[in-house]
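Chains here go by letter, A, B, C and D, matching the order in which they are written, and residues are numbered from 1 within each.
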């Protein structure tokens, strides 16, 4: 298991090598990439902020949950912070598994939970010069005790 | 769209670069990898055979179907033939899409249809020295006219 | 020079064998002669009558010119007929 | 030297602000003093009473020592309290 928040460009090939083992018949690599549009506006780049320590711990917890739920081998998740240009990888999730069904299900659940739970934020930089924090998802607090 | 049957090692990073465009926020790379076991037997490698021309055409048809069904950008599918060792990539499917949901659905459908429809075969080489063609799926002929 | 079917006219098709079927037939490809109007079923029968051919299933998956086809498909001279074992890519 | 709660005892917590909340508060972190027994609700009230703090929602998501926590959570001296805007990773 390998979870990181990093300001350095993400080396996806390295993540794939990191997770693959000889028991695994499937490796799935998801990459979130900065795209040139959002909600109908032309975007020239994104700036990511994170609560780095908590985000790393949250990612580790999510990886543990997902590992216990699906028959997967190893998982690696890396999320980038700082200023990213169009086409740069903002997040990469590599999952290795003996069989592909578990790899697909685990990968999907990892990215969905990352987007709902992990304290990371993105600021859009628009072609017209403006900037704005993208609206996000309010993470759920635990039940009141 | 890029569909190939090849005897050369698959360069997955190149496939990712090939499909990604500035409109895409998600890139999904599936890799089938030769694993060291199957149905309880220790495997030391696989030998793939293909009806190369038909397999390429079938892959192109499947990519067109999937493209028309999901909002994806570009798709690349490469399947290896010949002798592969444990850990080598036998098939790589790269899908780029504006949004991740379409990328996951398209990728999954591509590999499922590839396994059911494309004329490719694998021969397992066992640790104890034996070899056998792996049992497969009988492709469906069109309805009798 | 008439349009009538000449009774003893023949066509030739190229048959292809892959994977387990290649091992059974002992050949990658065979040219097979058939009477005009022959179907895929007739090709299978002709191949199965050859040495080793009876190891093939009597109703294998088949492709004509790289498209899956059903066994009542009528063949034309020069068609490429592939015997397709159960597929196992991925 | 008794176990009784000293009425005017105070604790200090470190508050952290990210993304839009950092822009509102104009700070990455602030040390906040609170009476012993104070809850997360009290921290939010204290921060919102500061200049710019009223731009924060009255019931933001919060984490204590890097775990999401509900607003009735009682704080201890030295806790790290993060104000978490709606998340948007990926």
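Keep in mind that, in the parts below, a residue touches a chain if its C-beta (ideal position, glycine included) is under 8 Å from a C-beta of that chain, and two chains touch if they have at least 3 such contacts.
Keep in mind that this is a model prediction, so the values were computed, not measured.
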Inset, instruction - Trace the shortest sequence of touching chains from chain A to chain D and report its length in steps. - result: 1
Inset, instruction - Measure off the straight-line distance from the CA centroid of chain A to the CA centroid of chain C, and report it in whole Å. - result: 52
Legend entry - Averaged-CA centre spacing for the pair chain D and chain C, given as whole angstrom: 78
Legend entry - Between chain A and chain B, centroid-to-centroid distance (C-alpha), Å: 25
Inset, instruction - Please list all residues of chain D that touch 2 or more other chains. - result: none
Inset, instruction - Quick one: which residues in chain B touch 2 or more of the other chains? - result: 32, 111
Legend entry - Touch relationships between chains, expressed as pairs: A-B, A-D, B-C
Legend entry - Partner chain A, residues of chain B touching it in the complex: 12-13, 16, 20, 22-37, 86-87, 96, 98, 100, 103-104, 107-108, 111
Inset, instruction - Within their complex, state which residues of chain C touch chain B. - result: 16, 18-20, 22-23, 61-63, 66-72, 82, 84-90
Inset, instruction - Within their complex, state which residues of chain A touch chain D. - result: 32, 48-51, 53-55, 57, 79, 90-91, 111, 114-123, 133-145
